[in-house]
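Each of the two complexes below includes subunit A, the first together with subunit B, the second together with subunit C.
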Partner chain A sequence: MENVEKKLREEAKSLLAEKKVDVVVGYEKGTLPLTATPCFITTPEEADRLVWNPFCVQNLAKFVHDLLGQHHEAQKRVKPEARRKKVVGVVARGCTSRSLVIHLQEKQYTKDEIIILGVPCGGYLDGKKLAALAGGEEIREGSLDEGKIVVKTVSGERQAALKDLLADNCLVCRFNQPVIADIRTGEVAPVAEAEKEYDPVTAFENLPPEARWAYFEKEMAKCIRCSACRNVCPSCYCRICFADQSQPRWVDIGADPSDTQLFQLMRMYHMVGRCVDCGSCTAVCPMGVDLRKFLKKLDKDAFEMFGHRAGVSLEEPAPLGAYRETDGEDFIFEPGKKIEA
Partner chain B sequence: MEKRLIKKETLAGIVGELAGKMRVCAPMKAEDQVLFRVLEAGEKPLVDFANTKNAPKNFLFPRTEMMMKYTRTGKGMVFAGEEETDRGQTLLFGVRPCDARSFTLLDMLFDQEKYRDPYYINKRKRTTVVALACVHPPYTTCFCTSVGGNPVSSEGVDLLLTDLGEAYLAEFLTPKGEALLSAFGGTPAGKGAEKKKEEIAARAAGEIASRIPAREIKPILDTHFEDPFWDTLHLKCLACGTCTYLCPTCHCFDISDEVKGNDGIRIRNWDSCMFPMFTKETSGHNPRPSQKERWRQRIMHKFRYYVDNFGAISCVGCGRCVMACPVNLDIRKVVADIAKL
Partner chain C sequence: MTEKQLAKEWEPKIVAIVCNWCTYAGADLAGISRIQYPPNVRIIRVPCTGRINPFYILRALQEGADGVLVSGCHPGECHYITGNLTARRKFAALKSFLGYIGLEGDRTLFTWVSASEGDRFAQVIRGVTDAVRALGPARKLVKGPLKI
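And now, the complex of A and B:
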C-alpha cells in the first residue's frame, strides 16, 4: 500500500504540474484515529497530503459529478469564446470507477473531462465493526500494522485482523481493480469471496413477508432524514430530488413513518442496475440504518433478470435505461423468473 | 443550597422509582448506541456512560411537534385544537454539563423580550435537569472549556451530581432541584466532599485534550465575510444534516401543514442550514445558492451572530458533530484555520 500511495502522489503531482488537471479528488488523513477524509488538491505541493489506505471510505465519484456539474452550470453564464474546460483527476478504486462509468453512460460529462488515477483496493474498514471492537468506547488511538488493527480506548487496548473488520460489501467485492483507469498505481491480492455476494439477500428473501416488512419498518424507524445516504451516493444526482419538491410535496418530513419509508423506497428504486455496492450510503448513515440489505436485493434482481452488473463496462447501460430486443417480459407474469442474459 | 451525599449503588434505583411517578428521560442503551429515551416505571438508567449520541434538546424542542389542528368547513378553515401538551413534569436525568449549558443558550433565543416561544417555554418550565458532571472528559474531542463551559459546569442544571468515588455529591441548585430532595434522600455533605469536588473539577478541566480559539475568531469573522477561505471549506461537505441534528444548540425549524381530507395539522420540524431547501424562496431564488454560503452561515451563526445577539458562542463543545460527520469536516479544525486568517 505504501508503494501505491507513493506512486499516487507522484502521478498527482505531475498531472497538476503539467496542468493536465485542475484538481485531484483524493483522500487525506482525517482528524480522528483510523480515518481518512476526501480532499481536493489543486497544487503540486499539496499532493503529498494524498493517502491511500483501508480508512478511505467514500466513493469519490460523487465529488467528480459535483465539481463538473457546477462547472457546466457556471459556463452557461460565460460567452462561448471564453468558455473553458475543467479536468478533474480522481483517485478511483473498483467501485468508484464503476460509478464514473455510470456517469459517462448517463452523459453527465465526457471522458476527456476526467483523469482516473486507478488504485487497487483490498476493502475498507467498517465503522460499525470498528466501534464493536472498541466496545462502543471512543477510539483514542489506533494503528494498522501488517494487517492488524490495534485500538486504544479508555479501558485498554484491543486488536483484530483487518480482514475481520472490512465492510460487508468489500468482503464480497469482485472489483479489486478499477474497471477503467488512465493511470494504474499497483496490484493488490483480492480478499473477496464474490461467490457469496447474494447469500444474505437469498436468506432474507426466504423469510416470510411479515418478517421482511417488520425488518424494513424497524430499520426505517431509525432514519432521521438527514439525507446523507442520498447526498453521498454518486448515482443520486437529480438536480431537484423528489423528496425536496414542494409543488407537489411528495413526501413530508414529519412524524408519519410512511414518509420516511416512501423516501427510502423511492430512492432505492432509482438504483436498479445503478448501484455499485460501494457501501457509502451505509457507511455515512449516522443512525446505522441497514440500507444495503435492500439495495443488494435490487442489484441481485438486475443481475438475475438482465444479466447486468452496474457500471462494469461503458458499452453496457443500465437495463432500465436501455432497450434490447432480447429483453424478456416474463417477469411481469412470473416475478423472480431467471432470464437468459 | 442543599448539598447531600448519595450512595453510588442507589442512584439508578432512585431514578427508576421516580420513573413510576413522573416522565423521566434518561440515557439508555439502544443496539450499539446510547440514546435519551423515556423510562418505564422502575427501569434503571445508565449512570456510567460517555455521552448520548443524540442531544437532549429533543425534549424541549422536538424533532417534529404539532402546533395546532384545523378543519375545513363551509365557512373556511376553523381552528380545531392546540398543540398536544403533556402537562406533567419531566425529569431529564444524566445530562452532561455541556448539554445542560445548551439549554441556557436555547433560552436566550426562545425566551427573550422580542419573542417568546410558547412551545419551548411550556416544556422548559416543566422540565427538571439532573446533570452528571464529567469526572473525566468522556471524549478526546470534548472542547467545552474553549467555549465557556467546563466539565462540572452547573449552568442550566437544577441538580448536579458529581461522582466522588464512593458517593455522589448532589447539589440541589434551584427550587426545581430542591423539589427532588426527598426522592434523592442521602446524607448532608461536609466540607471534605466540597473540597474533593473542587479537585475533581480542576483535574477534569486539565484533561480536556482539545482546545480551539473559539473566542479569538469573532473579530476575524466580523471582517472576513468575503474571503477565499470559504471557497474551499465546504467542498467535501455532503450537505446532510447530521451535524445540525445532533447539535445541542442548533434550533432552526420549518413549519408545514399536513392535511388529510378536511382535517389538517400544522407541525414544526427541525430544519438545517446545511440543506439547500432551507433558504429556497417561493420564487425559486436561493440566497444561499451553494454549500459555501451554507457553511459560512453555520460558522457565522455560532461564533459571530449569536455573540452579537446574545453575548454567547452558540456551541457547547460536546464534540458530537466532530465524531458523527460522515466526511470528517471537523469544526475544531475549521475554527483553528479561521484563527490563522
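And now, the complex of A and C:
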C-alpha cells in the first residue's frame, strides 16, 4: 500500500508540474482517526497530501462529473476562441473507473478530459462496522497495521481484522483493478469472492412475497429523504432530478410512506445496468437503509436479462438504451395464461 | 357499510396505458365490432409504449389503481420502428423489480395488441380484469388511507 501511495504522489506531482492536468481528485487524510476524505490537488507541492488506504470510501467519479459539468457550463458564456479545455486527474479504483466508463458512454465528457490514475483496491472499511467495533463510542485513536485495526476509545482498546470490517460490496467485488486507466500505480490486487455476488439477492428472492414487501416497507420507513444517496451517486447526475421537479411533480414530498417508497423505487430503477456497486449510497446513508439489497437485484437482472455489466466496456451501451430482437418475452401477459409473480 | 359489504361491492380499477397506433386502434375495432368487455379499464392513449415513463405505472398504483395494463404494437410492428423494443426492456426490468419488492405480479401487466385484433383486445381486458379481481384491492404502494 505504501508503494502505491508513493507512486501515486509522484505521478500526481509530475502531471501537475507538466500541466497535463488542472486538478487531481484524490483522497487525503481525514480529520478523524481512520478516515480519509476527498480532496482536490491543484499544485505539485500539495500532491504529498494524497493518500491511498482502506479508509478511502467515496466514489470520486461524482466529483469528476461535477467539475467538468460546471466547467462546460461556464465555457458556454465564453467566446468560442477563448474557450479552454479542463483536464481532471482522478484517483480511481475499480468501481470509480467503472463509473467513469458510464459517464464516457453517456457522453458526459470525453476521454481526453480525464486522466485516470488507477489504483489497486482490496476493499474499504465500512464505517458502520467500525462504529460497531467501537461500541458506539467515539474513536480517540486508531491504527491499521498488517491487516489489523486497533481503535482506542474512552473505555479501552479494541481490535479486529481488517477483513472483518470491509464493506459488504467489497467482499464480493470482482473489479479490484480499474477497468480503464492511463497510469497504473500498483500490482494486481487479489480478487474477492465474486462468485458469491448475488447470493443475498437469490436468498431474498426465495422469500415469500409478503416477507419481501414487509422488508421493503421496513427499510423505506427509515428513509428521511435527505437525498444523500442521490447526491453521492456517480450515476445520479441529472441537472434536475425527478424528485426535485415541480412540473410535473413526479413524487410528492409528504410524510406518506408511499411517497418515500416511490422516490426510492424510482431512483433505484434508474440504476438498471448503471449501478457499479461502489457502496457510496449505503456508506453515506444516515439511517442505514439497506439499499444494496435492492440495487443488487437490478444489477443481477441487467446481467441475466441483457448480459450487461455496468461500466465494463466503452462500446456496449447501457441496457435500457438498447435492445435486441431476441430479448426475453416471458413476462408478457397472454389472456388465459397464468404468469408467475 | 361494513368492510365486508365494501369488499363485495368493490370493482377493480384498472389503468390501461396503450399506444396510439396499435392497441388504441384495436380497442376502437373492438368498439365498432360491438364486442363486450368489462368496463373496469380507464384507457390512457400515448403515442408509443416507448414514450411511457415507468413512473406513470408507479404513480397510477400510488393513486389507487388496482392494476396497470400497458399494451402496444407487437415487436417488429412499431410505428416508430423500435419504440416497443426498448420499452420491452424497460418493462421487463420494472416488472422483475416490482416482483422482487413483493408487489403482486398481476398488478402490472404488459402485452401486445395490434390494430386488427379487436377480439384479442376484449380477451386481454377480460383476462386482466379477472386477474386483478382475483388479487383484490391494492394495498401496497397506495397513498393515504385505504380507499375502496
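The rule is simple: the second predicted complex is superposed on the first by the 319 of 341 C-alpha atoms of A that agree within 3 Å, B and C clash if a C-alpha of one lies under 4 Å from a C-alpha of the other, contacts with A are read in each partner's own complex, and residues count from 1 in each chain.
The definition used in the following text is that a residue touches a chain if its C-beta (ideal position, glycine included) is under 8 Å from a C-beta of that chain, and two chains touch if they have at least 3 such contacts.
Nothing here was measured: the structure is a model prediction, and the numbers come from that model.
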*Check whether A:Cys39 is in contact with subunit B, with subunit C, with both or with neither, and answer first, second, both or neither.*
first
*With the two structures laid over each other on chain A, which partner does A:Asp244 touch: subunit B (first), subunit C (second), both, or neither?*
first
*Check whether A:Ala302 is in contact with subunit B, with subunit C, with both or with neither, and answer first, second, both or neither.*
second
_Just to be sure I read the superposition right, which of the two partners does A:Ser227 touch: subunit B = first, subunit C = second, or both, or neither?_
first
_With both complexes superposed on chain A, which partner does A:Thr31 reach: first (subunit B), second (subunit C), both or neither?_
first
*Scan A:Asp256 for contacts with subunit B and subunit C and give back first, second, both or neither.*
both
*Identify the partner contact of A:Gly288: answer first if only subunit B is touched, second if only subunit C is, both if each is, neither if none is.*
first
*Could you say whether A:Arg212 touches subunit B, subunit C, both of them, or neither, answering first, second, both or neither?*
second
*If you lay the two complexes on top of each other, which residues of subunit A touch subunit B in one and subunit C in the other?*
252, 256
*In the complex of these two chains, what residues of subunit C are touching subunit A?*
54-55, 58-59, 62, 69, 75-76, 82, 85-86, 88-97, 99-106, 109-112, 120, 123-124, 126-128, 131, 140-144
*Residues of subunit A defined as touching subunit C within the complex*: 204-205, 209-216, 242, 250, 252, 256, 258-259, 261-262, 265-266, 268-269, 272, 294, 297-298, 301-302, 305-306, 319-325, 327-329, 331-336, 339-341
_So in the complex, the part of subunit B that touches subunit A is made up of which residues?_
31-34, 50, 53, 63-64, 136, 138-141, 232, 235-236, 238-242, 245-246, 254, 256, 258, 267, 269, 272, 275-277, 290, 322-324, 326-330, 332-333
*asked:* Could you list, by residue number, the parts of subunit A that touch subunit B in their complex?
replied: 30-32, 35-40, 58, 63, 70, 128, 131-132, 136-138, 140, 154, 224-228, 231-232, 244, 246, 249, 252-256, 283-286, 288
